[in-house]
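Following are the structures in question.
You will see two complexes here that share chain A, one where it goes with chain B and one where it goes with chain C.
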Partner chain A sequence: MPSPPLLEVKDLYVRFPTPAGPVNAVAGVSFTVSAGETVAVVGESGSGKSVSSLALLGLLGSGNISAGSVLLRDEELVGAGPERLRQLRGSELAMIFQNPMSSLDPLFTVGDQLVEALRAHRPMSRRAARARAVELLREVGLPDPERRVRAYPHELSGGQQQRVMVAIALTGEPALLIADEPTTALDVTVEAQILELLRTMQREHGTALLLITHDMAVVAETADRVVVMYAGRVVEHGPVAEVLRSPRNPYTRALIDSIPTPATPRDRPMPAIAGSVPTPAEAPSGCRFHPRCPSALERCSEAEPPLYGLEPGRASRCWLHEGAPQASPTTAGEVHHVA
Partner chain B sequence: MSPDAPTTEAPLFEARDLVKRFRSRGTVVQAVNGVSLRIPRGRTVGLVGESGSGKSTVARLALRLLDPTSGQVTFDGVDLLRASRGQMQALRRRMQIVFQDPLGSLNPRMRVLDAVGEPLAVHRIAKGSARVDRVVELLERVGLRSSDLYRFSHQFSGGQAQRIGIARALATDPDLIVCDEAVSALDVSVQAQMLNLLKRLQSELGLSYLFIAHDLNVVRYMADEVCVMYLGQIVERGDGDTLFADPRHPYTGMLVSALPEFAPERADGRARRAVPRGEPASPSSPPPGCRFHPRCPKAMQRCREEAPALHGVADGRAAACHLFDAGREASAR
Partner chain C sequence: MIGYTLRRLGYGVVVMCLVTVFVFVIMRLVPGDAVSLQLQDTGVSKEAADALRGEFGLDDPVWVQLGEWLAGAVQGDLGTSFYNKEPVIDLFLARVPVTVQLGLLAMLVGTALGLTVGIIAAVTRGSVTDSALRVFAVAFLSVPNFVIALLLLTAFALWFAWSPPLVYAQPTEDFTSWAQQMAIPVFALGTGGMAAVARLTRSSMLESLGSDYIRTVRAKGVRERTVVLKHSLRNSTIAVLTLLGLELATVLGGTVIIERMFGLPGTGQLIYQAVLDRDYPVVVACTIFYAALFVITIILIDLLYALVDPRIRTGKALS
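Now for the complex of A and B:
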């Protein structure tokens, strides 16, 4: 590895209490994000992808992280005090969510919210902050920023609100932007615009992007590397083009096959995955995907396979790869041989 | 599909020139502005459009859950807007709807037996053990089990809950089912199951579908004819494959090129899509002339002044665009 990663998530466990006892929504998740890189965490509902991102922002309350480590530039975030986490969010780390309307305060203008964010990061006059706010709105492509800076969130469309969220995220010049389903609520033409904005922002500021999404197509056009999650586990990771072209894990393969494309034959059934993602409380024994897996063997129900390192930078959790070296739980991409 | 149905046969469902305006606090929202549709028996007509395009309003007008401001709706030859209460009630059995959010549209305090069996009681179709038998038959048809009868809807995953919604829609043995974003909230692997189920039910039961979704790929897969809506109007219609390969209306072109290119076998670099400009105007203040002109890369002076009509542009295809005005006017189909 040329340089140490900006973010390193190691063997993260996130536990939730339930009436039936604690369950792990995220179980042993590891991945890294390097400076300026885009890493996508993709999965269906119940995969634990959003829980992971909230946990590493310290937004779940550290009590819920039951094991593991989150290093940001070598600083441990698990167990860090709320004050330190608050400092980091908005400076080193920023985030945008699926629904911008619930992240923006409906009672304040877009300008007020940007000014507040700017002045929270560093001391500056109200007037200077106002000018910077207009500049940021222009940068994120909001039409007519001098006028829109006085608009209330409800006066903007969903796409414009998400642009404002990106502007607020940029106020602290973060090294890492975490975007959790940033375009899921948007129409496809607007989605294309927001993804383009994120790419531009990344190019111009060198921001690293951790993209949480259920949408493989968004992954395909945005990310450098992809981490595929299923039922709280990482089941495959690797460079996006390679994983999409030749997925090694049966779940990734099945997930890709079940996406309708313009080339899907209309006169044949869609390839579908039987059943549904188990809830953390009902995670099956052995490999968590085995009840739905077309390639399941007997042992898949008995023991959970480790994450095997395959080609450089690729790993997959499946007994089909038995004999391959196990991927290191710490550094995604590196492999080491188990004695 | 019903290959034996001659094309001259009267369609099961027909809407002509539907208009729906909503008034709210002094403003008028033109949700639907002159939409005509024709659904042959055993076929699927797809409606695709972005938010605000009016597609869900069309769904409600089609079932007369809303009355149009003007226009005409006929179901199996009966004028729905002039039908008597009794006629309407009899017709309601034959037209059903499946909504986007199955958990939101099912009563959480009802057991599956009652949720699926309610239409049987409402329409006095079956009661007692006959009702239970019918519900079990419906559950099995949609891939659920008789052991699910006494469970509550919230005990099911999203996909399973949508199967309950479909079973409920099938209870009265309908001819037409309106699927309003029925698969949009589902995970992609479950979405594929549901598309397969809907197609299987269509061929087993001879159903007609009005299939509404915002995902063009999903609509293309399901529909025999795809109608593209923009701000209350159908701007283009035709076979889904042809629409993809050769979009005529500039909005269809924008929609197709805005789709993320997802072809994993060809992913040697990073997939990129064209980035469209602008966002749809509000239906409460649509632009004059062609409603798409502010975003249209091919807009001419005339587009700012005059709304184009839907014109036939090729076999079985029509587009509402001044670029095709030389063409023959599409029959009012």
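Now for the complex of A and C:
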């Protein structure tokens, strides 16, 4: 291992209370993010990817982390008090969300919301914070920042609002920026601009990026490594180029096959994975993907496969790899090859 | 913003005109008039009664009476009482301060307590405190204010051998006596509003606390106190402001009963007696006063909306 990872998530379980008893929306998820790296977490809606990221920051509403470990620079965040998590949020850890149109408080100006973030973690005069706010807005590419700093969120477009969200995230110069579907609600052209902005920010500030998305095309453009999630489990992870070139897990393959390309026939329906992600309460027996899997074997409905370590840095959860060494859940990022 | 204000004021004037005409006409449709009520057991001849009606102008058609009254009203003459022949404006001005004090204090107390209870219930949702406060709120919402007033009077008399002073004193002459006399009426009138404000504050704060923008504020690492009292509360005020406008109507209606119960010489007492006596000029003046109070409050609330929410200020509709 070159350097200890910035963030190390180990065997994370997130539990939600339901009328029918608690269910695990995230069940034993492990991954790592190194300083300055971009890791994409992909999966369909309901795979537990957003829940995992919210859990890291202590921003879950009703759910809670029931087991596992989250290490940020060797500091354990699971069980850390709410006050400690508050200190880390907005300073070491920042997050931007899926819906920029509803993510800014409609009653306060963009400037006020930036000033609030700036002053939350360090003593700073209102005047200095105001000046810094304008600077940040310029940095995220908002035109005419001196005027926009006095604008209310509803006076900005969705793309501009997301730029403001990025500016807010940058106020604390975070080591890790979590972006939860940052472009899903935006136009395609704006999406490209926001992704470019995130890449620039990362290059200039050395921020690590944890990118939550359901869009394989975004993963291909942006990430160094990818973690594929399905129904609360990690089913495959590895370097982006390799995973995209030769997906090992049938689910990953199905996700990649559903990206339309110029060669996709126009007269037939778009390729899609039949069915939908099971809710945590109705997770099937055995492998959670087997009811929708084209390569399902008989045993897939009986027992869940472990995460098998494949070539260095890659792992996949599928019986097809039986015989390969199991990936240790504690070092999901750098798979140990046990003899 | 100026256009918005002028438009609201324009609506207010239209409403006031309609109320005036409506009350003027409807009062005269009620059976019995001041003359027959005054003279009913005196054996005065029909001729004498008709002469009195002529003096009051009651034998003219309603629209003639309305015209004459309006002609006087625009010059500041609201007519004279059919009873003691005093100018209505004097009777009325003597009583307005009491009702304004009572209504304003009841609204203030109700709103302040309601907001406090609502915020506490919202941040402790699902806890015993929350449940207790909600039961409390439903109880106060269900029991009419005069019943609460009676219970309070009885309780204080029984357990502390204390009852409020009977004669009203201006706060400027005897503040202690005034405060003692106002305490129970203000509280009794305020409870309904308090309960309603508490329930609405709780639900709108819960809604906003689960919203995306609150998640952003939390992600910034802002203290929870700021999250609740600055962002969530401010976003809940629009709903609460709307409720306060409606609440004022209830409070003003309540003053009529409460003033009578506690012998407070306010417009509520005045209008109550005037309706019984068919003292038309007094009824009309009092009703217009209540309507004006209501219309002005609604306009103020509309202006407060714009102050709180920039989307209304710039003319963009609420989502």
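Worth pointing out:
Operating definition for what follows: the second predicted complex is superposed on the first by the 324 of 339 C-alpha atoms of A that agree within 3 Å, B and C clash if a C-alpha of one lies under 4 Å from a C-alpha of the other, contacts with A are read in each partner's own complex, and residues count from 1 in each chain.
One rule holds in what follows: a contact is a pair of C-beta atoms (placed from the backbone, for glycine too) under 8 Å apart; a residue touches a chain by one contact, two chains touch by 3 or more.
All values reported here derive from a predicted model rather than from experimental measurement.
Superposition of the two structures on chain A shows chain C fitting alongside chain B with no clash. Touch criterion met: A:262 reaches chain B, while chain C stays clear of it. After overlaying the two complexes on the shared chain, residue contacts for A:116 are found with chain C alone; chain B is out of touch.
Once the two complexes are laid over each other on the shared chain, residue contacts for A:220 go to chain B alone; chain C is not touched.
Shared-chain residue A:172: touches chain C; no touch with chain B. In the superposition on chain A, A:272 makes contact with chain B only, not with chain C. Chain A is touched at more residues by one of its partners, and among chain B and chain C that partner is B.
Using the contact criterion defined above for the overlaid structures, shared-chain residue A:303 touches neither chain B nor chain C, since it reaches no partner.
Once the two complexes are overlaid on the shared chain, A:128 sits clear of chain B and of chain C alike. Taking every C-alpha of chain B against every C-alpha of chain C after the fit on chain A, the minimum distance is 7 Å. Within chain A, no residue touches chain B in one complex and chain C in the other.
Across the complex, chain A meets chain C through its residues 57, 59, 61, 82, 86-91, 94-95, 97, 99, 102-109, 116-117, 120-121, 152, 154-155, 165, 168, 171-172.
Residues 210-224, 226, 231, 234-235, 308-311, 314, 316 of chain C are the ones that touch chain A when the two sit in their complex. Contact residues on chain A toward chain B in their complex (touch as defined above): 44-45, 157-160, 187-193, 196, 214-218, 220-222, 240-241, 244-245, 247, 254-256, 258-264, 266, 269-274, 276-277. Chain B makes touch with chain A in their complex at residues 50-51, 157-160, 187-193, 195-196, 199-200, 214-218, 220-221, 240-241, 244, 254-255, 258-265, 267-276, 279-280.
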